[in-house]
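Presented sequentially are two complexes of subunit A, the first with subunit B as partner and the second with subunit C.
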Partner chain A sequence: MDVVIVSVLSGMSYGVVLFLVAAGLSFVLGLMGIVNVAHGALVMTGAYAGIHVAKATGSLILGGLAGALLAGLVGFLLERAFLRNLYKFQLEQILVTFGFIYILANIHLWVYGSWPLDAFVPSVLNGSVVIGRFSFSVFRLLIMGIGAVLCPVLWWIQDRTRIGAVIRAGMDDPDMLAVMGINLRPVNIAVFFAAASLAGFAGVIGAFPLGGVTLGLGQDMIFLAIAVVVVGGVGSIQGAFAGALTMGVFSSVAGTYLPAAAIFVPYFLMVAILIFRPQGLLGRSEA
Partner chain B sequence: MGLTKATKGRLFRLAPSTVLIVLLATAPAWADISIISLLTKIIIFGVLAMSLDMVFGYLGLWSFCHAALFSVAAYVDAILIQHFGVSFWLAAPVSILAAAAAAALFAWIGLRMSGIYFLLITLALGQLVFSVAFVWRAFTGGSQGLSSISYPNIGIEFSPVSFYYFTFVIVLVCAVILHLLMKSPFGYSLRGIRENETRMIAIGFNTWMHKFIAFTISGAFAGVAGVLYVHYNGIIIPSTGDMASSGLITIMVIIGGAGSLWGGMIGGAIIYILSYFVSLFTPERWPLILGACFVAAVMFFRGGVYPQLLRWWRLASGAKSALRESREG
Partner chain C sequence: MRQVSRLQILSLVVLAVFLASYASGPARAAEPIKIGGLFELTGFLNPIGKDAQQGAMIAIEQEGGKLMGRPLEFIVEDSATDPSTTMDKARKLVEVDKVKIIVGPIFGPCTTGLAGYGDKVQIPLISIAPLDDAVILQNKWSFSTPGTDTGMGYPMGVFAATKLGYRRVATLGSDFEAGHEFIGGFVQGFQENGGKIIQQQWSPPGSTNMMPFLIAVDKQADALCAWWPGAEGFSGFKQYTELKMKLPIMEPEDGGTLASPLVTKGLGEGAIGAYTAVLYSYLADKPGNKEFVAAYQKKYGVAPGPIAGCGYAAVKIALEGLKRAGLNSSSQKLRDVLMSLKMDSVRGPVDFQNRRVTSYTAPIVRIDQNYVPQIVAEYRTKIDIVGGKFVYSLEK
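What follows is the complex of A and B.
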């Protein structure tokens, strides 16, 4: 029984990291129709910069902020310089952002070298709590706490604020929104920046459950994030949350009981969902 | 002269491909061994790029799993030969059929979707192949892959040059078959589906079946390339079939010009020749340059190199026939 609890809990902390990454991807796809394949590379960007800052200053908070800021900035430049000319050209967006996976990974190789980078764990969070015969890391609890705070906040922004209403309306009918005199452009830029920042932040705190970061993180992460978005459904916080937790818990439980099968979990979930429920678990219904 | 205008036009039109074929056929006379090896790689990946172009350019299906289909054939061939001692004559057709079967399965699952969702599901299925290759150590060798695969054992003592000719002949046959297929009514119906699927359904085409068959055939040609590659390279590792490789093939097709068949080979040639020279000077920075190629190809060469070359050549061969050609093509 304890094994199940620990396994589900670590799946949930992993799921929170996936949620932070996938939520941005999902909103950018839902609102702007942009498939940003470089989103995973932004996670890597945030992780490398943030962990270096955190190790230099000894503060996880500063590291998280630095990672979020740099990833947001890179995302902002990516959108302004390239993607903004490619709205509605989804294949071209995929290929350009695919190119940026290579570019960003190679720049990181240049700057930081090819060694994997260990996560930064502040000494306060270095311990673990005991669950039955097993122990569970405090850092993972903190990640779950961050998820427990951020998810309701993002949900509240989406459903209860004016900006959230504009975003939802923008997903349903951008032309009507324009007719009503609302300019979507600043909203788009802000959403893209926020999505990239969340990805960078996820990289800094996610390095621990991911077991450190490598230059391959951009590719590994984007596939998982796409799978989460497909499973959860495009363009909603609750969808990304449901998809990420499903993915995290299934992967973790499979990893405990059937390690050889764990690698296949994302594919089976994704293919099964695409066949039986193409709009995703909690996606916005296709208008 | 006894030449009619039409014959002259045809001669003019066929001149570039004739020159290219003659150049490739005489390559061992003018190139050293490393260039021959590079050319072998280019024409093998040319077949793969053409097989992708068949569904990507002509049919408009955004497949992101062609490198995976390619590696299915490569792995099956290598496993049959290394683990079971099967002869090349049996292993090669079985591998090609395996790639076609995988393509049929992927199409059966994926064709429920269209556009970006087709891309995502083929991407996922392609990564599935990659994961199987990674996990199934007993047969695939895991992350180490399978190595020391020799040239095909068909009673000829292969050298790099004779293997180049062997590849060249097979590639030429594949290219001609694909060319005829795209010129056939079937090929034109694929273009019809790309342009307006609803109308094709309305005039009585079973578009699902057309897409399914096209994808399966495309998988078989990807398989041919895979078999050639595994004997060329001597080693096959999981990442040969991952999403990055599929993206690279797509970029070759885009650079060359989607929907022009030969374009894929030219795009591949550009990428691999560039890679060859970059690896001489600054191998560390190749991913950066490759990424820049992706960006530049999409931002600036969306029409592709090959159609542009074709247009210039036709202009040179007389404006009138160029006009007629562009209206037909």
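What follows is the complex of A and C.
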């Protein structure tokens, strides 16, 4: 029984990290039609900077803000300098952003060296809860708590605010939005910045369940994040949350009981959703 | 119009001759001897790739920039822990840089692909880590300097059964050739000495989430034998520490992490008391080891880990092969020299015995309370090839 409980809880904490990464990616894809495969590298960028700030200051909050800000800035530069003219060219988007995975990985190799970076866990959260034979970290419970708070907040912004309405309208009918005199360009920039910031923040708190930050984190995260977006549905916070938790728990339980299949689970789920519910679990239907 | 005097013309001629001789001068100087190095400087094995490169550089620097009176050039390329990148970089080293020999890389799928290329262009490839068994048996130009993966795991299995007294062990390995072979060697040594393997799990290569596998370990096991290379080991031990698992843990080979002075402390309390066989130990009393450790510590501020020692040893083998083959030797001559090469190294005696794989010494270490990998035993694995397969035993 302890194995099942720890497996599910571990999957949920991992799923929250996936949610924070995938939520921004989902909106960028849904609103701007941009396939940003460098989104995972933004997770790494935020993680390295944020964890160093957290270790220097002893504050996870400051580290999280620093990671979010730097990743947001890098994302902003990426959009303004390279992607702004490639909105309609998906192959070019993929090529450019794929190149940025390597550029960012090599910059971090040069600055921080090659060994993985350990997560920052405040001493007050260093404890654990005993579940049978295992200890389950209090920090993972915090991560789940962060997900439980952020998801409704982001959902509220999406569904109950003017900016959320503009974003949803922009996904459904950008031409109509333009006719109504709403300039979507600043919205696009703001969404890209916010998505990148969320990814950077995910890197800081996600370093713990991910076992540290590595230079390959960008490549590892992006494929999973894309799978989450497909499973949950494009352009939907609740979809990203549902998809991420589903992915996290299924992967964890599969790893425990069917290790040979663990690597396939996220992609098997993605294929199944594409066949039976192409809009995703809670995605927006085609207009 | 000013008349040009004969003296001015003569001066111009002398100047032109002088410039022409100066320009062609360097072309007449000795051509450098070039060695290629392929290291995982990016990708999931980049931590140990960097270690290997650092160890290799010490070996090159000890030659003082010259080999047999000619300039020595070590051209390093990043194999990126990726087979296709490895092939591109290898082609560049051979076809553009014209290296005489290549050292590295580490990652099994990369060395397997490279071995076929080495056979095609007939250039010796000196491994840093053990090569896959199939590569040693089938490819004629690849030299496995620290033996084989299976042979590395074998003494740890013997040690676990005979000295640690374990009877039932669960295993967890990274799911690619090296993982299967290291764990396979451990299983062989363990079972030959009365032990029983009650569970085997395989984690996806490059995976940093070991939680599902760790919590699935059979509770009947006396101990867990895990093999995690590079960054996987970092995550694996962190999560083993997080779960506060009471099950003893050991590795058939440290994966460049557990016994690496740079990272052992960062693995957490779970690393204390863990046993592993290592490809190299900075504490071992071997010829040249004190000098290597001193030079490495001076340059990098930390003692060399197992993979750094392997990088150093691999380059030393390459250099010795070049020296014994002589200046301007052909690739075939170089290969023949390597086949019969016998020498001392910081890892113990090297003796290829015309088989392209050397028997070697495997120290077994235990991580103490200060995170120092103390040597607790040393085994010399004997490798025989019988009927196209490797047979392992321990030398008395």
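As a convention for this text, the second predicted complex is superposed on the first by the 284 of 287 C-alpha atoms of A that agree within 3 Å, B and C clash if a C-alpha of one lies under 4 Å from a C-alpha of the other, contacts with A are read in each partner's own complex, and residues count from 1 in each chain.
In this section, a contact is a pair of C-beta atoms (placed from the backbone, for glycine too) under 8 Å apart; a residue touches a chain by one contact, two chains touch by 3 or more.
Keep in mind that what you see is a predicted model, and the values were worked out from it rather than measured.
**Q** Please tell me, clash or fit, for subunit B and subunit C sharing subunit A in the overlay.
**A** Aligned on subunit A, subunit B and subunit C clash with each other.
**Q** I'd like to know which partner A:A260 touches here: subunit B for first, subunit C for second, both or neither.
**A** Both partners, subunit B and subunit C.
**Q** Which partner does A:A105 contact after superposing on A: first (subunit B), second (subunit C), both, neither?
**A** So A:A105 meets both subunit B and subunit C here.
**Q** Where does A:V96 make contact in the superposed view: on subunit B (first), on subunit C (second), on both, or on neither?
**A** A:V96 sits against subunit B, while subunit C stays out of touch.
**Q** Check whether A:F76 is in contact with subunit B, with subunit C, with both or with neither, and answer first, second, both or neither.
**A** Neither partner.
**Q** Where does A:A227 make contact in the superposed view: on subunit B (first), on subunit C (second), on both, or on neither?
**A** In the superposition, A:A227 touches subunit B alone.
**Q** Return first, second, both or neither, reflecting whether A:W155 touches subunit B, subunit C, both chains, or no partner chain.
**A** Once the two structures are laid over each other on A, A:W155 reaches no partner at all.
**Q** With subunit B in view, single out which of the stretches 4-12, 112-120, 256-264 or 310-318 of subunit C clashes with it after superposition.
**A** The overlap with subunit B comes from subunit C residues 112-120.
**Q** Let me check the overlay on chain A: which residues of subunit A are in contact with subunit B and also with subunit C?
**A** Looking at subunit A, the two contact sets intersect at 102, 105-106, 109, 260, 263.
**Q** Would you tell me which residues of subunit B are touching subunit A in their complex?
**A** Per the touch definition, subunit B meets subunit A at residues 62, 109, 112-113, 115-117, 119-121, 123-125, 127-128, 131, 134-135, 242-244, 247, 250-251, 254, 284-285, 287-288, 290-295, 297-299, 302.
**Q** Where on subunit A does subunit C make contact in their complex?
**A** Going through subunit A, the ones touching subunit C are 3, 6-7, 10-11, 14, 102, 105-106, 109, 113-116, 118, 128, 133-137, 209-212, 214-216, 220, 251-257, 259-260, 262-263.
**Q** Help me check something: in the complex, which residues belonging to subunit A touch subunit B?
**A** Result: residues 35, 82, 85-86, 90-92, 94-96, 98-107, 109-110, 219, 223, 226-227, 230, 260, 263-264, 266-267, 270-271, 274-275, 278 of subunit A touch subunit B.
**Q** Show me the residue ranges of subunit C that touch subunit A in the complex, using the header's touch definition.
**A** The touching residues are 41-44, 46-47, 49-50, 201-204, 206-213, 215-216, 219, 231, 234-236, 238-239, 242-246, 262-263, 266.
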